[in-house]
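You will see two complexes here that share subunit A, one where it goes with subunit B and one where it goes with subunit C.
And now, the complex of A and B:
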């Protein structure tokens, strides 16, 4: 029984192959129509024709005696990757592959022979597999884009700026989590070493909320800086955040906290022995007090 | 066994740790340092750990012990040149090295000790 089936299947497979070869132009045209209409507006027709032509050849080749589908899979992976990057929807991407089934069906119907119909069932399964493979590649490409962007965001959001000779500041913007705090901490400490700064200001004006975890991260950073021989000031604590911190019972100990970045800078300047003197004019003079 | 040399600069003793510390060498260092502080009447001890890349709770305890010994002998201890990764590790281990002063590098450490000396004299004068 199994033998007969496989013979039938082989016959169907050969028939499909012949049909694909004999009716290359009409099938291809119909496929192009289906694929084009599904993703209208996004794609330029010339490149779509090129892509489909290559795919068609690869499909035909993979059905042949060698049944080598690595070329085909490579092309499909490339197609899904580029479509994921260009912002196509999953449906639009998948329809390109499934369109071939529909295009071929019309030819099979005209042919009408049992071999062709049996072969079409087999061909349909092959296309389904390819469709799934396309979706997998598409999802993987999307995943990679998201990971890359998260990394870029991490780097973008943690600048260390120099306010004065020996004073650096980190303006924190956005929610703090463990990964971000780790990056901020390492960058700040490295900057302290590189610039030989003894004072650092961590400004949390842009942090929307402070909970016990965020406070814990901040305290760790301050203690680490202290271990290296630098003093940290935390600034930009808004009234409601101060309220939250007190309500949560978080103890900042002997860590200096200031309401605004300006206050923190003034504190750091005073600590490093720099004094501001206002003269009668509008200019402000600065002098350093020798210790 | 490797011994860590203790260098004298004015009334400051400088210890630069550049090897992987074993228990034996740490004990030897503590003895040497105590002897030297007494012998020279040093006012300050600077421990330079610029070259230390890996720390554990053992090193953390060593630093605290040296600071305690020195304070008994009326010398202030300053740990200088701690790397960011080392500082983060110590914080994660829960060691905040209470009672140990720190500075970014050797130069700032020396300046800190001189500054402290000046402050002490001022207090005495008052």
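And now, the complex of A and C:
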């Protein structure tokens, strides 16, 4: 970069700084207007004013001699994060930053000096950079939310419940991939140890499709449970799943499978020597006879 | 009426997405519940094959019409290593990826029409069709 150019650039930069200082009120008001209209209904005006006031100070500071923008970046990252969490769109978030450019442009136009225009080009580049930074923070925050949710879902979706003394059940819901099967298997095996159960029921009523991978995962879980001395029953095989499994050619071998969880529980109870007897109750019929 | 839908297969979550799209399309075509499950399972197998053996690929989901019946056509394509021995790959129990070895052969049984084009180094194109009854 030539010396003259950098002198010009410096003059422009100073002019912008002056303009930001002198016209703080009108620029700020216009900025608030732009930022407010893009995110109407989402945010209360009071907190928006507070956020923008802080940002304005930080922008001004970062343009100064020290040119320290770490404060500004921190504020922007915080703004993007909170907006991502509150469900703002990327446009709504970015417009907050880009709005300052538009707000300042009106002042620059009124000023009309070459320094101011030159400075505005530079300022515009700074704002663009900050806008991109905002977008990056926003995307990172969204990504984090998604990862957190996926983890929560993994935790949520794999309960091991006790059906009876010595009988536990795992109701599986949704897609069974390797990660989930791993969690299910670990939880089931641990529960078998903790409760001293000898029977486990894996219920797949909530699994939409059983392909070879799911079947393989199920088989491995059953074999692992067997190694620990527990018998597994797979229940919740719906007609269409049974049809598909047969056509695919998957064989479950000597693993007991049942159509419903109730059948599986009855089977496990029978295996553990518990029998139910149906009592025939005395029925009393009450009838009113109209004369 | 022909509608098509192109989906990339790049990760395990894409396989889930393919399954969901295929299920929606199968409902639109009017397949029975058993046939829906069959075609969704076949899609799941073939999508996973593309992911595991070719590192990814794509699928085109098409609703087709042969004048009498509506059907669902799925075309899985990848630019992976291809299949050197197709008859062997279509044998029950044959696997090079540690699975059950039923994905490809089972998928063929799950659908009405099955077409496999592949050569070593040239990727694989599998087109399957399921007709509504």
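Methods note: the second predicted complex is superposed on the first by the 280 of 291 C-alpha atoms of A that agree within 3 Å, B and C clash if a C-alpha of one lies under 4 Å from a C-alpha of the other, contacts with A are read in each partner's own complex, and residues count from 1 in each chain.
In the analysis below, contacts are C-beta pairs under 8 Å (C-beta built on N, C-alpha and C of every residue); 3 or more make two chains touch, one makes a residue touch a chain.
Remember, predicted model here, so these are calculated numbers, not experimental data.
Chemist: After superposition on the shared chain, which partner residues are touched by A:248: those of subunit B (first), subunit C (second), both, or neither?
Modeler: second
Chemist: Let me test your reading of the model: by the given contact rule, A:216 touches which partner, first (subunit B), second (subunit C), both or neither?
Modeler: second
Chemist: Looking at A:239, would you say it contacts subunit B, subunit C, both, or neither? Reply first, second, both or neither.
Modeler: Touch partner of A:239: subunit C, not subunit B.
Chemist: Could you say whether A:161 touches subunit B, subunit C, both of them, or neither, answering first, second, both or neither?
Modeler: Once the two structures are laid over each other on A, A:161 reaches no partner at all.
Chemist: Using the touch definition from the top, say if A:175 reaches subunit B (first), subunit C (second), both or neither.
Modeler: Second partner only.
Chemist: One more residue to check, A:227. First (subunit B), second (subunit C), both or neither?
Modeler: first
Chemist: First (subunit B), second (subunit C), both or neither: which does A:208 touch?
Modeler: After superposing on A, A:208 lies in contact with subunit C but is clear of subunit B.
Chemist: For A:147, using the defined touch cut-off, is the partner it touches subunit B, subunit C, both, or neither? Pick first, second, both or neither.
Modeler: After superposition on chain A, A:147 lies in contact with neither partner.
Chemist: Following superposition on chain A, which residues of subunit A contact subunit B and also contact subunit C?
Modeler: None.
Chemist: Which stretch or stretches of subunit C touch subunit A in the complex?
Modeler: Those in contact with subunit A are residues 12, 16, 19, 23, 33-34, 36-38, 40-41, 44-45, 48, 92, 99-100, 102-103, 105-107, 109-110.
Chemist: Which of the residues in subunit B end up touching subunit A in this complex?
Modeler: Touching subunit A: residues 78-80, 82-85, 87-88, 90-92, 96-97, 101-105, 108-109, 115, 118 of subunit B.
Chemist: Show which residues of subunit A lie in contact with subunit C when the two form their complex.
Modeler: Its residues touching subunit C are 175, 177-178, 208-213, 215-216, 239-241, 243-244, 247-250.
Chemist: List the residues on subunit A that touch subunit B in their complex, please.
Modeler: So the residues of subunit A in touch with subunit B come to 185-186, 189-190, 192-193, 196-198, 220, 223-230, 291.
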